[in-house]
Amino acid sequence: MAQNHAVTVLLYTMSTTMNKPKFQGIIPPMITPLLEEDQIDILGLERLLDHMISGGIHGIFILGTTGESTSLSYRLRHELVRLTCKMVNGRLPVLVGITDTAATESIRLANTAKEEGAAAVVAAPPYYFNLGQPELIEYYEYLIRKLPLPLFLYNMPSHTKIIIEPNTVKTLSNYKEIIGLKDSSANNAYFNNLVHKMKDQPDFSLFVGPEEIMAETVLLGADGGVNGGANMFPKLYTKLYEAAKTGDITRVKELHSVVMQISSQLYSLGHYGSSYLKGIKGALSLMGICSDYMASPLHRFRAEDREKLACNLQRIQERVDQLQLR
Amino acid sequence: MAQNHAVTVLLYTMSTTMNKPKFQGIIPPMITPLLEEDQIDILGLERLLDHMISGGIHGIFILGTTGESTSLSYRLRHELVRLTCKMVNGRLPVLVGITDTAATESIRLANTAKEEGAAAVVAAPPYYFNLGQPELIEYYEYLIRKLPLPLFLYNMPSHTKIIIEPNTVKTLSNYKEIIGLKDSSANNAYFNNLVHKMKDQPDFSLFVGPEEIMAETVLLGADGGVNGGANMFPKLYTKLYEAAKTGDITRVKELHSVVMQISSQLYSLGHYGSSYLKGIKGALSLMGICSDYMASPLHRFRAEDREKLACNLQRIQERVDQLQLR
Amino acid sequence: MAQNHAVTVLLYTMSTTMNKPKFQGIIPPMITPLLEEDQIDILGLERLLDHMISGGIHGIFILGTTGESTSLSYRLRHELVRLTCKMVNGRLPVLVGITDTAATESIRLANTAKEEGAAAVVAAPPYYFNLGQPELIEYYEYLIRKLPLPLFLYNMPSHTKIIIEPNTVKTLSNYKEIIGLKDSSANNAYFNNLVHKMKDQPDFSLFVGPEEIMAETVLLGADGGVNGGANMFPKLYTKLYEAAKTGDITRVKELHSVVMQISSQLYSLGHYGSSYLKGIKGALSLMGICSDYMASPLHRFRAEDREKLACNLQRIQERVDQLQLR
Amino acid sequence: MAQNHAVTVLLYTMSTTMNKPKFQGIIPPMITPLLEEDQIDILGLERLLDHMISGGIHGIFILGTTGESTSLSYRLRHELVRLTCKMVNGRLPVLVGITDTAATESIRLANTAKEEGAAAVVAAPPYYFNLGQPELIEYYEYLIRKLPLPLFLYNMPSHTKIIIEPNTVKTLSNYKEIIGLKDSSANNAYFNNLVHKMKDQPDFSLFVGPEEIMAETVLLGADGGVNGGANMFPKLYTKLYEAAKTGDITRVKELHSVVMQISSQLYSLGHYGSSYLKGIKGALSLMGICSDYMASPLHRFRAEDREKLACNLQRIQERVDQLQLR
């Protein structure tokens, strides 16, 4: 644990040549362990955090899409921030998703995050009204005037109906409060364009969401991955990140192929829009880490899909074990 | 007022041959008068309600898209329900929008609505995750098991990314708790299909949102309109509804053309996705009824558009006055 | 036949107070009878034309979406123009769809249409590249400089990925060569907006495609319908048009409900994107009028759906017979 | 030249352990040099082909999206196939785009391609009707029964409105006539999923379109790029391909950053949907290689954008020269 702490501190320390706190590495978007619609699986949460932290992750992102944040009551969101920060207890930086259609609620949640010691907040565009890019810029400008913590932008067009266009990112990056962006579009032409546009601002952190593209983006300059699979196999993702960061292409290929097996065998069962999420929660339940209850409007796998998941998970677990990651 | 009340009671009385409370007429989607981001314009709210009720509306729908519900804090949403119900004081049925991505919050709001005497609640599909139709059915089934009031479905694909397909409506209409649907798609082939599919269930209420299509849908069998323009000119819309209901096509054409002028001159300034909303709030402010503050991420018109709006509004006001509606 | 001819001539005569040839009534989008992938069902074509003309239609539109134009070889498209014009032999105006991604091919087809005596051509936006509205205006400006016949715009966003926005229509309507628009969006807020915008240009003809919305749009000022169902039951649609044009709301409701039954029972079998087209071609085949072969990439119904279609068609045929239309 | 020829032959030779002709490397999607709407710039075509071949490209793809194929008359498409094949004269394999909404025209074009000695054809889904995946499979099955040359699938959802889903690709890859896929979605999660699914079929060739993502996909197993920028700077792209193929990550980063500069400075002027295409054609014209005429509905840059392009092109040319690629 001491070792992880050192790494974290190193990464999170504000560089003397930089103006913004810099994040790097694997920052898993934590699933939210639930016992019921409005009740956190507290023991599961503790096990999950310890499982991930012992896997060498570099931070933790709660209340993102993978965390089903938009499905959770506000009471529960605030409680989750408090519990997570207490359990993490400074071992890692905690990033808190504050994405909401109501700015007032986003700000309230950010205030709780600040009180509990979180490192930053993350906000996708408001996702009900259809905004233009100028309105999107005004929205983020409004937000940062009220936020007590630095902000990550979060590009998630499949869910929010709007792309944060590269020129919008460039404009917003001029604010010291806006320190980075997580891109979940899976569009690498878009992402590489961002990396190119931001190359004169090395203190602006650029992460990708989809784990299928993490290795290649880090190889070409991204700062890391916010990858759901790291809930299950944290060491696989941190080792893949390290291999990519150091340009060890042989190792990258070896570990990337396991990530692709996870994507193929755990995230596409049942052909739901949310198969990815059902897969991760189901696997964590099968691994004995936490409950797989999903908040409405999503539902955990039914028996048939759960059996397939168990079978595929075992095969993947064996392959991960063979890698002897440490 | 007594007259309005009588009409309302008549319409709202459950028919002896029907199983569901039936709604008909003009039920304006009320804008939410705001003084600031998280503060209701209470005097404006009172004036607005009196203005609309004196125009003969048949119900009031708060916390819809026009009410900017998704932009408001939960505290304010609950406050608005309480204030509106108290001010309406039984003169009209109040419908409360509970659309949310978090079912728990929708249910909490519905409970407040029940306590305050609202007549029904209205819920569009959850709008963050991308659901399939079976998941949508499960969502509404989950909701009605917890709701204390009857439910209107709300089809709003441009904002929620999902159509409530006609077969889904048919399936859900079998639940006694689901009493109607408001369609804001503006797709009349879709809506006419619904009217056709539901013709053996006359107690299922079918309303359209866009006022540009209200007259023709009522002519062909719809139950009424949830039209934003009725915030400004309630009598115009109730008279148009009555003309359509009685098949007075000459009168329909006359009044419909004024509605189209409103749509054309008040709702398309500035070319925003939200020009419609900015237009209504701006006009109500110019009419001295309430503030035009809009909650983030939207903004009221700036000076230039506001001037054009004032000019267009005056022309429309004159034309409405000439109609001598009473 | 003489009677139909007279009506047609009346409608098609250029008014002395108008600058553009005016079209009104039911102009069916003719399906293309095919024996094989690249072979016209010539006898079927003749039967189909006679069937529709004897039903009182006011014009005929070939090579539209319903005509599968984009699936047909150019050789066949030119042949169809020649055959149709010869068979129609001046009894009705023929409109020829020239929609294509290649302007050169559109113009060649228009030249054939002119040679054979067609009355006008119809062009949706080019549907491969994603254009903006200014590029769309330039496209139509380019086209009309080369076209030998007047042009109808064709709004079909579900297939072309672009809406011809109301302001674009207004701009283009200033060209004398552009005489009208057919809207297949089914968005009546859009269409009513067009009717409102064009009310000072009564010589600009406005038609809707989806038959589910024809009656109401004609009631409120549209010029007619380009309705696929008129391939099967031309008299039903011409009578509905007449009832709507004269404001006979009782008759409108009666006939409209049959159209909705057709839509519901013939156009939604098998849940294909092209169920509508499969339904019309299948019904025409069952009625003994022409072959139901569909060009690649579409396919006629397989046995199971065809049986359901036959059963539903019989029920509809009986209902249409009972109406004793004449 | 001899050297290039040898490489090509090597790559194009069917491996003894493979069942399908394998393609690898940079296969530029050639722009179509035009003097006018329906006239090829023949001298420009010759210069362009020689320019690219001398840059070490491994094949040439004509009549793709970059080649404006859908905007060209059929006469011209056939002529371009004949001219290109004659000019290439066996120095490289020629791939011919046959994407069309009319299968009959696709097949005719494929027959010309076969006669002239082309190596394969490329077909995106038909892009007018909205198909489901089963209909898409049937379409390709129909096509290969009639095609005289092996077929590449072409995934281009932004233009065709349909994704060729990974399971559809897997199914179609079982046909010996279907030898590979070009993906222009820029969605690397999708593409990596394909690479993973196809890893037991090494004779199935997988290419990406967008040059911004070519390096990383080749690093992780793709066979090459169909990159528009190789029209201008063929050696840059072939060298980047080689660096990626051999895992030389330092060199990859160096060359990739120039590609990103090209993307950023040449492909985004004027903010058109077709800025990329206008940029390449404009640059080739400025380089003295061929005309920048674009077929309707697209247009070359106007003076202002052309000046910016010239300025940016010069800066890029200098940077490419400094690389001393050979």
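Going in written order, the chains are labelled A, B, C and D, and every chain counts its residues from 1.
Just so it is clear, contacts are C-beta pairs under 8 Å (C-beta built on N, C-alpha and C of every residue); 3 or more make two chains touch, one makes a residue touch a chain.
Since this is a predicted model, take the numbers as computed values, not measurements.
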| item | value |
| --- | --- |
| Intersection of contact partners for chain C and chain D | none |
| Touch-network distance, chain A to chain C, counted in steps | 2 |
| Chain whose average C-alpha position is farthest from chain D's own | B |
| Distance from the mean Cα position of chain B to that of chain A, given in whole angstrom | 38 |
| Chain centre separation (chain B, chain D; CA means) in Å | 51 |
| Where chain C touches two or more other chains at once, by residue number | none |
| Touching residues (chain side chain C, partner chain B) in the complex | 186-190, 192-193, 195-197, 199, 210, 212-213, 215-217, 219-221, 247, 249-250, 252-253, 256-257, 260-261, 263-264 |
| Residue ranges of chain D in contact with chain C within the complex | 37-38, 65, 70-74, 76, 101-105, 108, 125-132, 135-136, 138-139, 142-143, 158-159, 161, 272-274, 295-299 |
